[in-house]
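Please find the structures below.
Both complexes below contain subunit A, partnered by subunit B and then by subunit C.
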Partner chain A sequence: MSDLVLQNIGKTYSNGYQAIPSIDLTIEEGEFIVLVGPSGCGKSTLLRMVAGLEGISQGELLIKGDQVNNKEPADRDIAMVFQNYALYPHMTVYDNMAYGLKNRGVAKAEIATKVSAVAQMLGLEELLTRRPKQLSGGQRQRVAMGRAMVRDPKVFLFDEPLSNLDAKLRVQMRVEIRELQRKLGTTTLYVTHDQVEAMTLADRLVVLNKGHAEQIGTPMELYLRPASTFVAEFIGSPSMNLIPSRVEQGKLQLSVDIQLDCPHVSAQSVMFGIRPEHVDISPLDQADVPFIVKAVEALGAETLVHGVLQLGDGNTPAFIVRVAGHHHFEGGETLGLTLPSQAWHLFDAQTTKRIEA
Partner chain B sequence: MSVYFPQKYLPYLLLLPQLLVTAVFFLWPAGQAVEQAFYQEDAFGLSREFVGLDNFIELFTSPEYFASLLTTMVFSFSVAFLGLAVALWLAVMADRVIRGAMVYQTLLIWPYAVAPALAGVLWWILFDPSMGPVALALDAIGLDWNHFVNGDQAMILVVISATWKQISYNFLFFLAGLQAIPRSLLEAAAIDGAGPSKRFWGIVFPLLSPTTFFLLVVNLVYAFFDTFGVIDATTQGGPGQSTTTMVYKVFNDGFVGLDLGSSAAQSVVLMVIVALMTVIQFRYIERKVQY
Partner chain C sequence: MIENRPWLTVCSHLVLLLGVFIVALPVWVALVASTHPSSAFGSGSIPMWFGDQALANWQQALVGKEGQASDLLRMTVNSLIMALGITFGKILISLLSAYAIVFFRFPFRSAAFWVIFFTLMLPVEVRIVPTYEVVANLDLLNSYTGLTLPLIASATATFLFRQCFMSIPGELVEAARIDGAGPIRFFFDILLPLSRTNIAALFVILFIYGWNQYLWPLIVTTDDAYYTLVMSVKRMLSVSDGDIAWNQVMVSTLLAMIPPVLVVIGMQKLFVKGLVETEK
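Moving on to the complex of A and B:
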């Protein structure tokens, strides 16, 4: 049985603003689903609707087959980790973790067993008598997770749990969250705006844009076959190069000398896309298109070259090339680029949807 | 924050106006009161005689003084408790309002702008036994209201008048305190299975405790020392001594009874109490209740 089912779920606020028109999503038991999108895309709203902190305007929400639309948050058997952790400042770590069990009338001895088991798993044994104020950011994060885990809920909900941590800790906690989730096998819904976090954590990703799901799929599906220009730009860093182009008589006009057959394309104006890492630098006389270097970002392991393409019709669209290793380029230098056709992505310029080959 | 002044005299010059005000309106009269507490003066101020601690001895052996101490305690703790409880309730309600929140909040703050004597007169009119609407309404339901005769009713009246003014002040602090509690804490508690009343007593109330403690001291100080106007405008300390608080007794003995020595001695006692309360305030409130 599917664990968490969102059927035609929508949210309209009382002032008439439609935050989420309609979303369908079926989550299997033990799956790690990441909701990702820019701020204001409705990802947090959706998570809070699942938690019961926001009302559901339309559709059905099923947890393990039960319709929970109108159930209180406490009765949905979910646990949530908040962005600011939301630890109770006047309680010790132990009491923070025990609070949910106490409210549910669990016996004291059982609470103690459960809390100490979780504390051991998270390495919190030494901190049980401390107050949240006396903990570091990473420790607070861990307590917040412990509070969620101790109740052994059907679904974990994470609302940008790592965004208050520094970069190093964020990577460490990311790995830890993934491991814990695998070990516990609890179905998880995780909200983030960080695409690296999304790619590394998710079994499946839901890319949200203005309240609707642009694409739902595994990280690699999204990377290799983005369903729209929005997903193409959102997944991958630096994001995919997109160049407005035309198709005339079944041929793509990239305003350069190369013309490629694309008889399947019926749209006239298209977006031509290629990822910065799929572009090759080659001698000018063998290249598809000349590229003028504007700025170079050397990161050691790779070099990002920002510049513009010099297209035949005089257009100079911005373009990024990502080269492995360290290379030296001068600003103003002209390089030749080859754009391997197997790395192309074509999108309808009107609908922004992917045109399948 | 500390600021360094190159010239030595500038900081003193800047402080001078406040120091002058303190000296002229507080230190000098306070000094006079302390001096006077050791003298017996005739009603016209023509002659006086040094009596040592006699004024204090007489004070502490007078049952009337202890009666007024008890009255003050009853009055102050009633005002503080009632003021805090009602203000907290109003703040919780106002915090929930979404539409027109500013209107409610502004209206609830208004009573603070009313002068104490006016507040007293207002309640005095409302509760006047022969024409006050509240008193007449109470009569109609069979409760005979006459605070000129009934001491307990007089006490209730001054407590209501004094509390009413203080509620606005408390309300402001409680509302600010409530709004400082992150929403996510209450949401987390809701997910943790705490119902509305558990959330209030288990999360909100403990988190408000620094505010509550601060307001408790402020309200006690207010009820002790700042309610002369309210009492004078409503009951004048009567009937009998039933609403004569310590501050009111200072005024009454000094300016009505013209026993200036005893009045001065009572002032000195009050000064000691103020000093104690200030110490408590600095000790515990400046440090705050820490989490």
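Moving on to the complex of A and C:
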């Protein structure tokens, strides 16, 4: 049985603003789903609707087959981890974790067993008598997770839980959250704006744009076959190069030198996309297209080259190339690029949807 | 501002000393006067050093002399009952109304807040005649209820608690909701502990406010069983025959000063914390 089902879920605020028109999503038991998108795309709203902190304007929300649209957050059997952790500042770590159980009338001895089991799992045993003020950011984060875990809920909800941590801790906690979720096997809905976090954590990703789901799929599906230019630009860093071009007589008019047979394309104007890491640098006489270097970002393990393409029709669209290892390029230098055809993506310029080859 | 100029240091110390002198001199005079026999004031001069009647004066004030019992202690008790009644009443009412205004959505919520806020402009002194009328009609003259109830509604405290509650992060409220804390649990488990220092600060302010009430007790009490200490000081000055017993007046004055001082000293730490602390 599916664990969490969103059927035609929508949110319209009382002032008439439609935050989420309609979303369908079926989440299997134990799945780790990440809602990702830029700020204002409705991802937090959607999570809060599942939590019961926001009302649901339309559609049905089912948790383990029960319709919970109008249930209080406490009765939905969910647990949430907030961005600012929302620990009760006047309670000790132990009381913070025990509070939800206490309110549900769980016996004291049972609470103690559960809390200490979770504390052990998270390495919090030493900190149980401390108050949140006396903890570091990472420890607070752990306590917030512990508070969710002791309840042993049907669904975990995470609202950008790592955005207040520094970069190193974020990577560490990311791995830890993934491991814990696997171990516990609890269905998880996780909101983030960070696409790296999304890619590394998710079983499946939901890319949200202006309240609707642009694409739902595994991280690799989204990376290899983005369904729209929005997903193509959002997933992957640096994002995919997109160049407006035309299709004339079934041929892609990108430049005089490269032409792709695309008889299936009915659209006149298309977006041609290729990822920076799928471009090869080659001698000018063997290259598909010349590229003028504007700026170089040397990161050691890889080199990002920013510049412009010199297309046959006189257009010079901005372009990024990502090369493994360290290379030296001069600003103003002209390089030759080959664009392997198996790495091409085509999108309809009007609908921004992917054109399948 | 950290500056190292000797004359500036001297100047600021002089100003501070002057301030201390102005504040402390009357207290000193009262303290000294309470140790002299009542005859010492007939000449019209004020003694500036202690006399030898301290024990006798205080004994007379607290115990009474030759057969007639002193009513100073009873008045102190009355004052305490009134001050504490007003303080706890105000805190309770304002906590509840601020809780309603901040955390519950109901029609005319902000109108309710502004009506409460509006009453800032209507202290007892302004509405004293209609309030007296109401209290008299309710048959509450000469009662502790009549002394405290009309003073309990407080816009200031409601406003302070509103600010305090609004500084509690929304996520905390939501976390409590998810943890299954209903409105009453949330109030007792989260809200009260978090506003502990604010309550303490208000307690100090409101206790002094209640203790220092003069006009209202003067009007609603005609039975000396309900007289308060502060109003009695004035009454001791208006004797129709004979000299004013200044030494007794000063003892009462000092006695009237002690409880507020004790409250301030006892709660100083929390008081400052409650007004300064922003951490939530």
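Just so we're on the same page, the second predicted complex is superposed on the first by the 356 of 357 C-alpha atoms of A that agree within 3 Å, B and C clash if a C-alpha of one lies under 4 Å from a C-alpha of the other, contacts with A are read in each partner's own complex, and residues count from 1 in each chain.
By our rule, a residue touches a chain if its C-beta (ideal position, glycine included) is under 8 Å from a C-beta of that chain, and two chains touch if they have at least 3 such contacts.
If you're wondering where the values come from, they're calculated on a predicted model, not measured in any experiment.
Peer 1: Just from the overlay, do subunit B and subunit C fit on subunit A, or is there a clash?
Peer 2: Verdict on subunit A: clash between subunit B and subunit C.
Peer 1: In the overlay, answer first, second, both or neither for which of subunit B and subunit C A:Val175 touches.
Peer 2: neither
Peer 1: Which holds for A:Ala318: it touches subunit B only (first), subunit C only (second), both, or neither?
Peer 2: After superposing on A, A:Ala318 lies clear of both subunit B and subunit C.
Peer 1: Go through the superposed model and pick first if A:Arg131 touches only subunit B, second if only subunit C, both, or neither.
Peer 2: So A:Arg131 only meets subunit B here.
Peer 1: According to the stated criteria, A:Glu72 is in contact with first (subunit B), second (subunit C), both, or neither; which is it?
Peer 2: In the superposition, A:Glu72 contacts both subunit B and subunit C.
Peer 1: Quick check for you: in the superposed arrangement, does A:Leu224 touch first (subunit B), second (subunit C), both or neither?
Peer 2: After superposing on A, A:Leu224 lies clear of both subunit B and subunit C.
Peer 1: Return the residues of subunit A at which the contacts from subunit B and from subunit C coincide.
Peer 2: Comparing the two interfaces on subunit A, one with subunit B and one with subunit C, the shared residues are 51-53, 72-74, 78-80, 82-84, 86, 88-90, 99-100, 103-104, 133, 147.
Peer 1: Give the list of subunit B residues in touch with subunit A in this complex.
Peer 2: 182, 184-185, 187-194, 198, 202-203, 206-207, 291
Peer 1: Flag every residue of subunit A that touches subunit C in the complex, lowest number first.
Peer 2: On the subunit A side, the touching residues are 51-53, 72-74, 78-80, 82-90, 99-100, 103-104, 133, 147.
Peer 1: Quick check: in the complex, which residue numbers of subunit A touch subunit B?
Peer 2: Residues 51-53, 72-74, 78-80, 82-84, 86, 88-90, 99-100, 103-104, 131-133, 147.
Peer 1: If we count contacts the way the header does, which residues on subunit C are in touch with subunit A in the complex?
Peer 2: That would be residues 169, 171-172, 174-181, 185, 189-190, 193-194, 196, 279-280 of subunit C.
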